[in-house]
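Below: one structure, written as structure tokens.
All chains are identified by letter, namely A, B and C, in their written order; residue positions are counted from 1 within each chain.
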Amino acid sequence: MDTRKLEETLFKGLMIASLALVLGVLAGMILVIVLRGASSLSLSMLIQTPKGGYYLGKEGGIANAIVGSLYLSFGASLLSFLLGLPIAFALQKEYLGRRLAWITRLSLDILWGTPSIVYGAFGFIVMVYFGFTASLLGGIIALALLMLPIMTRSIEEVIRMIPPELKELTYALGATRLETTLTVVVRQALPGMVTGILLAFGRGIGDAASILFTAGYTDYLPRSLFDPVASLPLAVFFQVATPIPEVQNRAYASALILLMIVLIISLASRLLSRRFSRHIIR
Amino acid sequence: MLLAVAFANSIVLLIAFGLFIKSRPILAEKSLSHLLLSSSWHPFKGEFGFYPFIVGTLEVTAIAMILSVPVCLLSAIYLSEYARNRFRNLARLVIDIMAAIPSVIYGLWGVIVIVPFVRVLGQAMDTPTTGYSLLAGGIILAIMVSPIIISVAMEVLRTVPIQARETALALGATKWQAIKHVLLRSALHGILSAIVLGFARAFGETIAVLMIVGNVPKVPKSIFDPAYPLPALLANNYGEMMSIPLYNSALLLSALILLVVVGGFNLTAHLTLLRFEKR
Amino acid sequence: MPHISLSNLSIAYGNHQVLKDITVDIPDGQITVIIGPSGCGKTTLLKSLNRLTDLYEDIRVQGEVRIDGVDIHDPKEDILALRKKVGFLSQKPFPLPMSIYDNITFGPRIHGMDEKQLFQQIHEVRRHVPVDFPGTLDDRLSSHDPRGKGLALLVECYLRLAGLWDEVHERLHAPATNLSIGQQQRLALARALAVEPEVILADEPTSALDPISAQLIEKQFKLLKNRYTLVVVTHILRQAKRIADYVIFLYMGELVEHGPAHEFFNFPRDERTRAYISGEIS
């Protein structure tokens, strides 16, 4: 009898140790980044672009990366939302046959798991084919593809949560299929959709592999869709392995800003979904 | 609307097709088996042996799985079966945040903390190393796949009905015995899927590993040696892609390989999970 | 045989008071039936007797449950021994995800019983309960056969006791989930008996079964009371009349009336009891 309890205590100990390890690592990570990055953070860091080239220049800040990331993510979110919304609607049983819906979901699942560098490689091929070089547009396209499965799935889950009685009610009142969908469903789904967009946005802003080939990098803010654009993840990537401390500082500052943005989005989307779900009928 | 659906469905095929077309030149020149098994990587001489990269990828992924699976399963079991509600929700929050942290930041932390750690470890074990190694890559990957494995495993455990636990406990089993003999059996498929999903993620992860794994195109002889996984190869050399056409083709072939392998694993895991849920 | 007595037992889930101040003694060696309308605390009362209530996080238990004079909620008491002593049959049978054979041996295995203990147990059972083993079995028992036989005998013994042997003896290693629900409940009975409890708790054991299986279970219960104390929850008045020796009537979490079956059904003292028996309230 005693051996059973001993075994349980042993495993319980192992379990707690494992969990402590996992949580401890996360805490450690955030702590290290914050500590190293905080010292590099200053107003000038945030609003100036690097002077003397990002790789060697000792002055200036990371405004190019901050603005670039925002442009990229907003653009990609918009694009993937425009693509994802119709797909999510179409996936309701009313519009597609069962087979087609299943295949579409399968495709989205594959896309979901595809490594982001594959999107980068594909984006590169597309760019070469159409004859433009690494630019804001290229980055947006690659990121939008990356975000598409996330966006579509979030929107779809939200729509699925809408009770069918609500839709039936609107039918009964004489609206056509399209009208029903647009008015009733969208209003119920809006809060959840906003959350979904936030989640996709957060994913996109942190990704480096997909924009490595497609967005390029530059010291400047992009003036058109066809200019290369800097980004926070690449700012870290390119500037961290340098002997020059000022350049390294820019990398740490970028990391900190990126981390903060992602944390804020994560917490915000959680809060939003909790707040809005109170108003939704179930 | 149908247009969008058509787009979604075809994009996977388009990507695969595009990569395949671009890989054709090198596949025409050399046989697939030669490419996969040769260790000599000298692109400027026209030699493209992918073997070191494939081995590098497999080894770093294996290390990551060996390190993370036991820790994650134990954590998931604790959170699902022993933890109080409040703590469980807090832990879930933390784990979700971990999942959202960009790869680059894991890489940065790896450079600051893991690389010196491995360097010191190597010294302690009489194996000199810069720290940029297979082990470092494996450790960071293990950390990165943990959120997926834990959260999927937790979900799977939560779906086992409470009667399973009640029945075992009512017969006089300890909680751990109930978990060991009943829960884990019921949830086995789902847990395996969680592991496969983690594996797929580890296989394709690029940036963080790239920053700390060393990037030397030779088959590593120990875990303290640098390695060069396939995604890292692709990421490092995109600049060269325009200069030598065969190089271009070789790199895009590696992208294709990644797509197929990771896609295959993900698909299997998802389908298994789907079947598990239906039961 | 244990003497089960409850004193001032009150149980609440969160803000909801489920049981109010229950004081009653449960007689040994008889079938005690707990009746009352659905949702008035019968299951909770039953589960408090083997502390299955521990599985629920917000539960608050006040008062005492004493078995053999010992308060079962005393932290010094061994909960595993308690659960071995007090067996439980749930409303919907849950076959463990293993073969029929393994289901039955699960209990003895987790308690780490050895061959000698198994044989002793089987001997004891035969002394008190008519288990119709074929004649040759006596030889098997007395010859103390090689290892592994103990468990096989155990399985046969309890499957016969539960009235299931004839139907499954040719497929003992098939998965238990393949059985019909009536068979699964009898399997659950055999499984619970295999750890040699002194008390058997049954929560609506026949409500999910077809009439024939229900009859079989009732028949086995009547056989078992020679050796075990049974406490059965039911909301089927006729079933109570068929099997009860002692009746406890719960209404809205309160103990309204209790007594020997004959007195209870023919000379009810409380208004509510009379109403319930006559079918006015259910």
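Just so it is clear, a contact is a pair of C-beta atoms (placed from the backbone, for glycine too) under 8 Å apart; a residue touches a chain by one contact, two chains touch by 3 or more.
Every value quoted in this text rests on a predicted model; they were computed, and no experiment measured them.
Common partners of chain B and chain C, by the touch rule above, are A. Among the chains, the centre nearest to the mean of all shown protein C-alpha atoms is found for B. Centre-to-centre separation of chain B and chain C, using mean CA positions: 49 Å.
Between chain A and chain B, the centres computed from C-alpha atoms are 19 Å apart. Chain A and chain C have Cα centroids lying 55 Å from one another. Each of residues 80, 110-111 in chain C touches at least two other chains.
Along chain A, residues 4 each make contact with two or more other chains.
Looking at chain B, residues 174, 177 sit in touch with two or more other chains. The touching residues of chain C, when paired with chain A in their complex, are 80, 110-112. Taken in their complex, chain C has these residues touching chain B: 50, 52, 55, 57, 80-81, 83-84, 87-88, 90, 92, 94, 96-98, 106-107, 110-111, 188, 191-192, 195.
In the complex of the two chains, the chain B residues touching chain C come out as 84-85, 161-174, 177, 181-182, 185-186.
Chain A meets chain B in the complex at residues 4-5, 7-8, 11-12, 14-16, 18-19, 21-23, 25-26, 28-29, 32-33, 36, 83-84, 86-87, 89-91, 95-96, 100, 103-104, 106-122, 124-126, 145, 148, 152, 202-203, 205-209, 212-213, 233, 236-237, 240-241, 251-252, 255, 258-259, 262-263, 265-267, 270.
Of all residues in chain B, only 1-5, 7-9, 11-12, 14-15, 18-19, 22, 70-72, 74-75, 77-79, 82, 91, 93-98, 100-109, 111-113, 143, 146, 150, 174-177, 197, 200-201, 203-207, 211, 231, 234-235, 238, 241, 251-252, 255, 258-259, 262-263, 265-267, 270 touch chain A in the complex they form.
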